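See structure below.
By letter and in written order, the chains are A, B, C and D; residue numbering begins at 1 in each of them.
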Amino acid sequence: MDALSGSPAALAGEPEVIDLNADVGESFGRWQLGDDEALLPHLSSANVACGFHAGDPATLRRTVARAAALSVTVGAQVGYRDLAGFGRRFIDVAPDDLRADVLYQLGALEGLARASGTRVAYLKPHGALYHALRSDRGQAEAVVQAVLDFGGLPVLGFPGAVVLDLATEAGLPVVAEGFADRAYRSDGTLVPRTEPGALLTDPDAVAAQAAALASDGAVGSLCVHGDSPDAPALAAAVRRGLESAGMRIAAFA
Amino acid sequence: MDALSGSPAALAGEPEVIDLNADVGESFGRWQLGDDEALLPHLSSANVACGFHAGDPATLRRTVARAAALSVTVGAQVGYRDLAGFGRRFIDVAPDDLRADVLYQLGALEGLARASGTRVAYLKPHGALYHALRSDRGQAEAVVQAVLDFGGLPVLGFPGAVVLDLATEAGLPVVAEGFADRAYRSDGTLVPRTEPGALLTDPDAVAAQAAALASDGAVGSLCVHGDSPDAPALAAAVRRGLESAGMRIAAFA
Amino acid sequence: MDALSGSPAALAGEPEVIDLNADVGESFGRWQLGDDEALLPHLSSANVACGFHAGDPATLRRTVARAAALSVTVGAQVGYRDLAGFGRRFIDVAPDDLRADVLYQLGALEGLARASGTRVAYLKPHGALYHALRSDRGQAEAVVQAVLDFGGLPVLGFPGAVVLDLATEAGLPVVAEGFADRAYRSDGTLVPRTEPGALLTDPDAVAAQAAALASDGAVGSLCVHGDSPDAPALAAAVRRGLESAGMRIAAFA
Amino acid sequence: MDALSGSPAALAGEPEVIDLNADVGESFGRWQLGDDEALLPHLSSANVACGFHAGDPATLRRTVARAAALSVTVGAQVGYRDLAGFGRRFIDVAPDDLRADVLYQLGALEGLARASGTRVAYLKPHGALYHALRSDRGQAEAVVQAVLDFGGLPVLGFPGAVVLDLATEAGLPVVAEGFADRAYRSDGTLVPRTEPGALLTDPDAVAAQAAALASDGAVGSLCVHGDSPDAPALAAAVRRGLESAGMRIAAFA
């Protein structure tokens, strides 16, 4: 992985820099999800849905406009074509189809972003696709090819994911992320959502884990989940915790 | 309307120029529609579906790649979000939603087009949206705003359509089109599809009508419908008829 | 209209009976809408979405099971095929297609209902379809035909709607409804949602209007909107108000 | 498996009975697939799509009406919710969701079928779901539960599939099927579609394989694929071949 993905050695006197990302734009028509208005100001990077797992165009348009107004970097949160499953179910999409699906989503969000004077600055896979790209080489290659088709973007993903390796090989910047509000096992894997305690909900605990992950240097971005009612408060706690620890929050892309 | 929309006075010695367009990219997953492979070589402009009324991303990708290889100009054939109705049913979409829907489609096709080294060069509304934009000022304004959001594109539409007037007012190039394979009434309106004889199917008749429409100078582009089995043969006949009449076929955008 | 639709003359000593209905089952996958758990106990009739404008099958299954457990009558809230627009946009569907769409939705909900030991007992059109059926004869005939195809059901609609007239002519029971939480004009029409004061939000005002509508006898059912956060409290207030006025709340079907 | 699934011992003097099934109703809106009109008369059982992988309601309505008119038995061909993938991509649907999805599809088709005076008489899973149910116990249990929720139906599937075992345990009739137009390996598995020769296209070869499968007695139904242009001719050849071999073609359900 290149320099973006790990811990840039802090120069003497300069604060360590870390990115703070969350998912936004995940409403769909009449259905609201998350409080993007309250969450966005705390972020440096916004993973904006692209319409396949969530996000109708009018929602996406408002979301990128708000991100642009707040100088929050816009990323494309691409997913499987599965509104009913919110992109959280693995779909065995053929790589050629997935490549076109991802490119379509990137272009769609880019069109909306440009209208607000901003751009799609990175890609983050969503949900079941995010997890598949940790090990599914065929789908990971498809996503990397789509990014190359698009002209190249940094890719944000789980530490050690196959998609990050393939992106690096293809010359794309990559960023590994940690989860401020998910419990980790001692081996560095996440406690599955189906187990008790998988989700951290206490703002102090979340802030402490965020600071630990950031200072550890293994990740270049921290994720706070955007679809809980407490997301804005958690993101604010993370930001305060990181700044108290002397770190600076800034987008990686 | 500006100069693009009507008949550029042929300069002495130069052949009159006319565009020939048809709808392509209207397959969806397992479902094939039209023979784009056979039709595309006869066209100067290809109205490529954008996924809302037809066109899965992999189909669209192949279609723009083929158009690019043949130097056929790519246009975005935007439609209502209605796969089940193939975009042929009027939907009373609120203008703000329609504006975002159109911008989303433009961006999506642009992403696919750039990957093939080409670009979206114009917009043509599809089906029920095409007809609505002849008179529905709110929806027409929404489409024009989306085109402006996108950075501006020529708009192709029915002669006298409100959307062409609004586009012209907004400083966008517009092109009025005639239908080579649809019967016209003496007042210049089309014979409705529900009436007998609405569709011309004889290649000679289609070619003759095309030549008459082109030489009349009221339109800058001729449309051949792409979803009939005979579409490639009709398009070839139109092309031959126009060339026999001393005209040159070239994209307007 | 037959006897179901208006005010059955209260026999001496018997309380007047009125139905209380609301929309439920309008979540979709990850997206929650309304608090059906809290709302259902206050209703006599539940208009359950059927998947075309809202309601994934698992949500619908849970909703009909809960209604059945509470002895709340289940109705099919059929709509246009338009998740992105939540069925609130008129779609110019051809009558034959609409007839099949409605029958499909009725059968789907019936399958889910029978698995919980209940049945679809009436039809209420949703959103833009509800409004279209007040005057669009072609679509109203299509819906009535679908109900007949299904074997016949009472139809719930707006007083004077064409669909109620056609249903009555076809021998189907019909019920006209009033809106407890919508402001009426003096001519009996609703204040449009786009105008201030269109929605009543004070529980006492809603309860008072409900009692007035019920005692007036022009309607056989009262509707409380289900998708506001206050819906359960409003429904409870309506129920208390009606019972205080000596009326009995019971399903019409 | 119960008696339906294997070879009923032919009584002296009585012809052996075999079912002949194919997929129909797989058009969607503007997109036509298969020639159901020509195919249906050759079948004893029609696997009618239910709208999740293919089949708009108006198409399904016409298809069940035609099947009813021809006295062809109607089965529900249920699939994953994936129009873009035509149900041919595995989706990791949670069993509770799949159970509701299948029940919804069964009910929807039943509604359409009853309107034509017929009924859903069996279930056949489609595409990737068909294959998943050979080994995925969680999804197979979900489908069996949905069939029980519906009141019980025979289940048609691949010989040895887990879903047939679970259905049998649940007291449901099951039928194993053979493929008249797919090449088999010596171990009884199918040659994958990605390998040359996977699909038999010569009518004589297809008829011969059909007769061999039928007389072998291991299957109770023979499938001819419905989505090739030659499907009606192949089905006719199979029927002739079976009748020449002294067998009688009749629905199992």
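The definition used in the following text is that contacts are C-beta pairs under 8 Å (C-beta built on N, C-alpha and C of every residue); 3 or more make two chains touch, one makes a residue touch a chain.
Given the structure is predicted, the values throughout are model-derived calculations rather than measurements.
When the CA atoms of subunit B are superposed on subunit C, the rotation angle comes to 180 degrees (nearest 5).
Homomeric contact subunit C/subunit D is classed as same-residue, with over half of its interface positions used by both copies. In terms of C-beta pairs in contact, the better-connected of the chain pairs A-C and A-B is A-B.
We define each chain's centre as the mean of its Cα atoms; on that basis subunit B and subunit C are separated by 43 Å. Annotation: 38 Å between the Cα-based centres of subunit A and subunit B.
In subunit C, the residues that reach two or more other chains under the touch definition are 56, 84-85, 97. Contacts between chains leave no pair untouched here, as each chain touches all the others. In the complex of the two chains, the subunit C residues touching subunit B come out as 81-82, 84-85, 89-94, 97, 128.
On the side of subunit A, the complex with subunit C involves touching residues 27-33, 54, 56, 83-86, 88, 227.
Interface residues of subunit C, counted against subunit D in their complex, comprise 51, 56-58, 60-61, 96-97, 99-101, 103-112, 114-115, 149-151.
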